[in-house]
């Protein structure tokens, strides 16, 4: 098992014939992802990495895709998301970095109103190591990604590689890693993934890779405190020293008026019973403490 | 991007939100003329993007011609900020000060109007101390703000008659700005209420979504938006950059990783000269990134990456090229990992650099170097 | 019983202090309608015909209105409808004549998505004779409106008086009369009222007052044919001689390209088993045929 | 209101939908000059609002200067319609003819895009004979038409490459017109497809919502929109009016009741001179209404009402006043009921009229009078 994505998930790729689309489709197939079709307007009839290409999502309907990965520029992302939703697809990953804020609101609103999981934008995507991937992760570097029983949710890209490498070094692998992304209005939030991890028998605990800004870490703490999530919860939160009012990195990473501070997040998480690391080096110890003998599978 | 007060007020004026009569001046000697035309008393307000201008002495009232130029000069020369321009505004004698804003709520995926009859203080302070004094009305961004919602706010603010109608107009205009300009935030604080049931915007805050720049009227990048020349250059290059005044120039990839390195430098007792990301779309631009770092009086450059698309070998090669071209006068610490990292190690080693593989070790090395340790 | 409205229904009136609002509020109260509050921005604290007035619907919340009648100009109707919906009111009558078409679409869409009944625009409203009224009907003219067991749905105003007078003359009274209105996009349609009449024990049959244009009569026929509605259905349909392509009267009464013809409607209704009158004088006979001994109560 | 083809094409042009080069002329002698500038062959198209122009001989192709003026004169003088202006257009040699439109669907409360590769015939004919050839794509009016929906249509029309992209642009422009102008219908039929993968609108139909006139650009009422002077006058008065050529002028209240009376006149073997409603907001304007009726060569005026707000006594008094003022040369049959109907009966009787109380009786009386029966 895993969440959102496993070896059987029928994956569509919107924007498959672009440079990134083509390149990462190869990697996704290599990992074992069941990529059933691709979409690029104007390219129907072609094939890309052996995957048939269609003009529109609707025309790819016969492949009954359950999930769609978007390699689509930020300003066209809203349109592509609605195209996928309209075709009945309820798991959507959008890696675009730079989705207009008002579009992002409409995307998330659509996700909420039709019960879809929209992952991103500004994310590396979703990976269930050893099974399938929607997005781009260097899964082939063994010291970074291993199959295991740790669920990971993250707002970052490079930092995620840093942290998963530490987990692997400590002997832990990942069930499913979900990059919710670094935008101020991501399509889905940490707390909305926790019930999926709770129900996944292969996930024994979840690690959040958080940062300053927003309230997603606090909401995850709330899910733990209220019993919605009942497995061990760990977190690494960066930005303790980030100055208030400056946009440090991600657009979502801005602290204003005392909200979204890292210290506030750490307090909320610890109060709810999560184990929190503020330096990467603390993680291996916390993982052993929380998950004991759990090791990569 | 955040607009200057005078730019935001120009937008307000266009959308029918009343603002005081004003003039923009660029030198102390223009102050008296401007104030004379507007009539005394006047308010002189430094056009800077940082908050807390009042406390910093960057906003002053002048009530006669004699002291106008000296007060203006005092603001222009203030050590608190670089002041390029002053807004000279007719002073308003308000009956009350209100607060209005529209922003987004990521959790509910709705836009949010906030209003308070107790304006003039920071909304965050108000939210912390008197949360019950803040009214909230949310709306769906495709349907937009409806007038009945504006009426709900106006009457909840205990306004009557013409004042309530005026408030509805201002709120609908504020919404028009929010929508048309793809704003992240539009705020009036304070909104002065006048005895005759009208309002005047005392201040104007407008933050636009850079990601929507292509589909709305343009506000091109200008030097004045930035505190320093380097930040302006970085913005033009499209390289995320923040200026600090410590010893170590960060030249890292990924927002989260760069922030983590920023933290680690402080944990290890070091200080940061600048925050800089050369990951993402900029991962092939090591030379431009390093030039920005070298424009700082930093003691060490610390490059930490862990890229997937931003390949380690490409970044390592870029770094080596930058070294060749720029011949930096300070040590470089590298910790380049991710796709093709074995190749990166070879490239860096060949160039005489000592490639680290562990972030914390790399940070410790940089801090030691900054403190005068050997390279 | 009756549908939508009876003596116990707590009615709000938006735009109560206007000339029409004030005048018809008096009549509604006189008939026995439970008008609990009124709304006119700027007039809170006043009272109108003894009814307390508020600035906004929300501020009238303590009166727990279940239904709202709008005396609001056409261009402000959308706003007023959304205000009522936002306050949880699910029966709304709007008499405005001239609601912009695109607004009307949004109004009906809102009705559909939150399960509200929005009656109108361009209607005289709803009346349950002898009990309560939202709108304007000359209920005091005994030869026109009598209490009884006939449900009536209509797209017209004056024609409705003409027809109900004939029904009274034939000995029949009305349970509830619903004016769905003469607009091209009314908030609710004939077929959506039929289940309510079906469930109303006091309604023994329903009379549709239809006209050329649109497809509402055909939909009602379908409801009868499919068994959604199982009581006697009668119809009077005007416009047999109306020329194609001309807007005859109501904006909704336009026949284009063979759709919406009166003959098509008559065929559909008769085929489904309804009794159809094309001249007012035919109605008394048909009423007796369909409802037999049913007379005014 | 429905716009003329040339007006609709002007809107198309502004929204980037390709239309043929053209000139508008008001007399046959301008035709040759216009066609000469545009180049032959040209199409001469009567600017009238009725459909079926082709069949009526109101659209003709001219291919040389010699016959241009005569053909133009033939159209101007056509007995089929009053022709005030011709649109002279460059002829297009299409590869195909398509159909596009956006309108509303009352049942689903959504806007509806319809498209077909088989344009050039009336959509109603197509819908009746080849419904499978019509593509439909609906959208929510607050979210608007999204580009993917336009792509769905373009590719379902079997377009490729540039032609598909062009189609998407045209559809999005069509949506812009629909939205910005509060259209009831915007239609291109035929939309000519050209061998090079582009399109040109052969015709343009744009019907705007009169109820939204206050919030969009104005198209003021002009005489040309109306077939007759009386209809134009009625429109300016805001009185619903339709011209026929029979004997009985209807002057009734309520659309449904007036239509019923219209039917009854025909059932009784009579004919209608005009349809006129003086109910609703016009119930106090009997004089204006009667003036319009008298402008017709009708034989009888038939007034039937059953008003609630439009009080019977007020309408009866208005009718009597109109009689006094206008002294009509033809008989009036009245059947005025509703609020205060007893009072109305007294007023009418006092004025020497015989008030009917039953609509069918009144209609029979009017038909008898029109056929020469005594008053």
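Letters A, B, C and D mark the chains in the order given here, with residues in each chain numbered from 1 onward.
Heads up, the rule we're going with is that contacts are C-beta pairs under 8 Å (C-beta built on N, C-alpha and C of every residue); 3 or more make two chains touch, one makes a residue touch a chain.
Computed from a predicted model, the values in this text were never measured in an experiment.
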Worksheet item: Can you list every chain in contact with both chain B and chain C?
Response: D
Item to complete: Looking only at C-beta pairs in contact, point me to the busier pair out of A-D and A-B.
Response: A-B
Worksheet item: Which chain has its C-alpha centroid at the greatest distance from the C-alpha centroid of chain C?
Response: B
Discussion item. With centres defined as the mean C-alpha position, give me the chain B-chain D separation in Å.
Written reply: 56
Response to the item:
chain A and chain B have mean C-alpha positions lying a whole-number Å distance apart equal to 28
Fill in: Centroid distance [mean C-alpha coordinates] between chain C and chain A, Å
52
Item to complete: Can you tell me which residues of chain D touch two or more of the remaining chains?
Response: 142-143
Worksheet item: For chain A, what residues touch not just one other chain but two or more?
Response: 106
Worksheet entry | chain C - residues contacting chain B, complex | 41-42, 44, 55-59, 76, 78-80, 82-83, 86, 106
Worksheet item: What residues on chain D touch chain B, complex-wise?
Response: 142-144
Worksheet entry | Complex contacts: residues of chain D adjacent to chain C | 51, 104, 106-107, 109-111, 122-125, 127-128, 140-142, 179, 182, 184, 209, 211-212, 214-215, 240, 242, 252-260, 262-264, 266-267, 275, 277, 279-281, 305-310, 337-339, 341, 359-360
Fill in: Interfacial residue positions of chain D with respect to chain A in the complex
143, 146-149, 151-152, 155, 160-161, 164-165
Worksheet entry | Touch list for chain C against partner chain D, complex | 20, 74-75, 97-103, 105-106, 108-109, 111-112, 124, 136-138, 141, 154-162, 165, 182, 184-186, 189, 209, 211-212, 214-215, 219, 238-242, 245-246, 248-251, 253, 256-259, 278-281
